[in-house]
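Let me begin by handing over the structure; questions about it come next.
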Amino acid sequence: MKNANAAAAADTRRAPLNFKEGFAKFLFFVCACLSIIAVFGIVGFVLYGSVPAFRDIGVFQFIFGTSWNPNYDRYGILPMIVNSLIVTLFSVLLGGIVGIFTAVFLAFWCPDKIHINYRGNDPKRAQRIEKINRVLHKINLRTIFDQIIKLLAGIPSIVYGLFGLEIIVQMLSGMNGGRDGKGILACSLLLAIMVLPTVTSLVKNALEAVPESYLEGALALGNSKAQAVFCVVLPAARSGIISALILALGRAVGEAMAVIWVSGNRALFPSGLFSNIRTMTTNIVMEMGYATGLHQSALLATGFVLLVFVLIITLSMNFVPKEYRGGKGTRALLDNTGEREIPFRKQGALQDVLFGISVFFAALVALILAIIIFYIVINGIVNFSVSFITSAQAIDVPTLMPSLLATLELVGITLAIALPLGICAAIFLNEYAKPGSKVIKVIRTFIDTLSGVPSIVFGLFGMMLFRNTLGMGRSVLVGALTLVIVVLPTIIRSTEESLHAVPMSLREASYGLGASKVRTIFRIVLPSAIPGIATAAILAIGRIIGESAALVFTMGTAFTFYGDPSGAGSSLAVLLYTCANEGLHMGEAYMTAFILLIFAFVLNIIVYLIQRGVRKKRMN
Amino acid sequence: MENEKKNPNEKQKKNPLEIFDFSGENAIEVKDVDLYYGDFQALKKINMVVPKYEITAMIGPSGCGKSTLLKTLNRMNDLVEGCRVEGLITIGNRNIYGKDMDLSALRKNVGMVFQKPNPFPMSVYDNIAYGPRTFGIKKRSQLDEIVERSLRQAAMWDELKDRLNKSAIGLSGGQQQRLCIARALSVQPEILLMDEPTSALDPISTGKIEELCAELKKDVTIVMVTHNMQQAARISDKTGFFLLGELIEFGTTDDIFTSPKRPETERYITGRFG
Amino acid sequence: MKGKLLALGLTAVVATVGICGAVGCTQDPELEGNYITTAIARESGSGTRGAFDELVVSADGVALEDALAEQDFAGCVSETSSTAAVITEVAASTSALGYISLGSVAENASRIKAVNVEGVEPTTENILSGDYVLSRPFNVLYQSYDGLSDVAKDFLSFILSVQGQTIIEDEGYIQLTDEKVEYTASGLTGNIEISGSTSVQPVMNTLAAAYMQLNSGVHITVEGGGSGVGITDAQNGNVDFGMASRDLHDDETGIVAHKIADDGIAVVVSASCPLTNVTLDQLFNLYMNGTAIEAV
């Protein structure tokens, strides 16, 4: 890069360098196609690995077999399919309904500021209350609720697993008269809580994207606010809501690490709310580590069936109608003009009840969220030990430093590969491809598909490709390579959004000065999109830090890490999994959970600050 | 006063929506109204009487408070945080800022059309049937009747009768705005507030809406905010001129445009400022 | 208005949670610590599970592992992939029973306790004498001794030395009865990777730490995953040593198992559970048929 003055350089009229331009375009195109390659690669590898199972067991026998016992070569996954579907539906139903109502409350009723009204005459009390009010006014309730929900969306699933094991299962055990609390209900509740933040924030976005004028129009017709919200705004946001629910379905069906501790892990058909179950994902996590031969192939085949379900769910997203398409239940009228008196009556009691429900659910969600955060923080503080934080690594006790180092290296390597690829792909999608063209549609579909693939399938893929095919051992490098594919969709999407937000006029101004397209992109567009790219990177970091299922089989679970990326180590999330899994280091597990929460918190704050900065800049 | 109050109260027991009594001469009476947004005073001591079945235009430069006043008439200003109204606004013999005022009833009787057309993302039919439906009309035949009557009132029936099932979002801007007028008419309001209803439209659509207003004033009282002085001169019966939150002058349109009493008014309508 | 509704919503939530809590606290009176109705098993790749299935035999001489070839566990059995979950679940419910490595019992003695099996207390003496039947070996696995690196060989000799075996004893496991020699630091350098049984892992960690203290140029990485992982990794040559908390099966070929210690499998219940003794037949029937065990 020449450090020449940009304006002067742009002014010199150079003949367009066709080769350079063409090569750049080709490069961007290849990056954009990476997600297609990745999807095919994943499907291909998993399918390739499952062929022996399908061949030796038989597709029908495998899918409709009712017994699973690898020690005696019984491989039937029907119970697991049924369990996965039931738990997914329950959780999305539960989490979806609660999430939608909470989002409605947040978008329309959540007060920004709390204010205590004092109507008495005592001037001293009035003064005191005035003081309290002044403090209260500094707190923006809506922003706080919002940020907490974002924070919970960013908490690693493994932390939810810990919460499920320690709180939900115990609570349900009480309801079950002291018997085992694990099973369908526990899984559904935990997954419902896990999809709640996703559903709530997506539905809230969808509701806020509905033009304010719809609400005004309905109010001006004499609707109560509840009527306007539930009869006009909510239906107007339905495509966004359906998309949110589909995303939640995908997340629930693919969740592995949280479920493993609360399901009971028995490959049985469900017989009641407390019957122990095993889902497709947990089947893989439980047995993949030691499976060989047909057993391994059967697990890959389980992954393939899971992948098929997820693909169906993700692809169904494309069939959500974007807007009203006309015509149901209405018909053309006959010409008739009666002048009879029409009796209008006041309605809206139902909507008032719905409003009450949304207040209730929002309060419930706030309570649950508070409990989760409180649980992590309290346990983190109670179990605080200086030696965990400060001591150098020891092989027999988990310590923070090696995991932190491994996590940092993991983040560094992953981003170093994924960021350039993702940015190039986003550049192609936003700057080169014609909006609405087929190429774009295909690539977008694949990016969406890739982002819907469950972590555990990424883990399988990484294990198959890097370990079994390329013969690499478990290492930070292998983990990072696997995670590149995991974070690519996130990076592409948010970079694309920020590129899209760069005003066209800036580009035109640059072209007008005679700058080439590549130059315009690198000198004008990308610099203006830096906040968005930073956001993309931070979202990716959050995903990397929180990932566990894809790393257990690719990066390893060792407590030690000696700094060499070709060695095994455990990221913080995996450390939590290992500590809690063996049960000998629960204190360390709680502290790790606390640290992960702090990470998620800090990352959220950074994103919030960046976005607020951008918003302020736009306003000025 | 006592008697007048009793009558609507008796009615209220029957139907809380029919609390207004429009038998008098004036539809709206505004008395000493001040309006504040937080510490900012947006309206200062407004006094104005809107007669029944006439078109009243409100003109003035941007930010003069005319839209604000319009929105206080059906209390859409309640949505704005920190908005406070003092003074008395009487519609159909009721103080609309009274404690027991039912907003649904008020807005059912005082309809509103917005600057930008805002049809709901539903079919044409559902857009118009929406209002009646939320007021408890479920019978298909009654809804059909209302839809047709409203569309005829808005002079759109022939245009749209074969497209009732189509999405309202697909209509042109002018059609959308007239659909919004039809939608406002569907709940049979006595008063229709229009907030610069033609500012987003082309001249032909504007003409159609002006024609429509002239036709509509047989049945409803229209209060219209407009930036377009020719429009005010063309269609309104009364005109009020606003400046910096004050009602400078209010009178018949002829008087305002031909012999304004206040120099500010004259300067404004002759285009010398604003 | 808003404030009131918010307050109403909060009250409703508190009430709901309160009711749930009240319902949650009601124990089924029949189950109050008198019966064991829930059993917890490890996943099928676990060495502890493998040894347990092999050693628990019904009154008519059928081992769990043979019975499992015909049918699955009863519905009251849940499977977990970790000692942690076994401990947590057992600790939380007086009606639950599970099994873990004996070495893990002492650290969690405030929450769980080991019960006698067939009237025999799980102690080192009883395991060595063979009176306590639920015991299994801890093995390290490798493809061939000659194929091991020098540093790996040296580490193995440390494990088998007086120092290594003392560590094993101190950690609550049972040291080998063979002749032992004193270990002297070799000063070698290099990396050793180990993976496998989560039961062996804690003691292997301690051993590795002690070894690295003596030989500062050596980096040892120990990972869990279960005995199955150790076997697979050793077979594939992914690691220097695999760890297994059971003997190799006949079909697990290509590797050598080198015994480094013995360990008991403790049958554990909640610390507040009155149960003190179980028979193998009771265990068999609980896991296979869901027959409750009465705690007397």
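As written, the chain order gives the labels A, B and C, with residue 1 at the start of each chain.
Keep in mind that, in the parts below, a contact is a pair of C-beta atoms (placed from the backbone, for glycine too) under 8 Å apart; a residue touches a chain by one contact, two chains touch by 3 or more.
All values reported here derive from a predicted model rather than from experimental measurement.
In terms of CA centres, which chain lies closest to the overall middle?
A
Select the chain at the greatest separation from subunit A, using centres from the mean of Cα atoms.
B
Between subunit B and subunit C, what is the gap in Å from one C-alpha centre to the other?
The separation of the two C-alpha centroids amounts to 78 Å.
Which integer distance in Å separates the CA centroid of subunit A from that of subunit B?
For subunit A versus subunit B, the centre distance works out to 46 Å.
Approximately how many whole Å separate the CA-defined centres of subunit A and subunit C?
35
In their shared complex, at which residues does subunit B touch subunit A?
Subunit B reaches subunit A through residues 15-17, 74, 76, 79, 81, 102-109, 111-112, 114, 116, 118-123, 125-126, 130-132, 134-137, 142, 144-149, 152, 161-162, 164-167, 169, 180, 183-184, 186-188.
Given the complex with subunit C, which residues does subunit A contribute to the contact?
67, 69-72, 109, 111, 117, 165-166, 169-180, 182-183, 260-261, 264-268, 271, 275-276, 278, 285-287, 289-292, 355-356, 359-360, 362-364, 367, 394-397, 467, 473-474, 556-560, 562, 567-569, 578, 580-584, 586
Quick one: in the complex, what on subunit C touches subunit A?
Contacts found on subunit C: 2-3, 5-6, 8-10, 12-13, 16-17, 20, 23-28, 31-32, 37-38, 43-45, 65, 68-69, 72-73, 75-89, 92-96, 104, 107-108, 191, 193, 195, 198, 201-202, 205-206, 208-209, 212, 219-232, 235, 238-239.
Write out the stretch or stretches of subunit A touching subunit B in their complex.
That would be residues 112, 211, 213-214, 216-224, 227, 231-232, 235-236, 323-327, 330-338, 340, 342-348 of subunit A.
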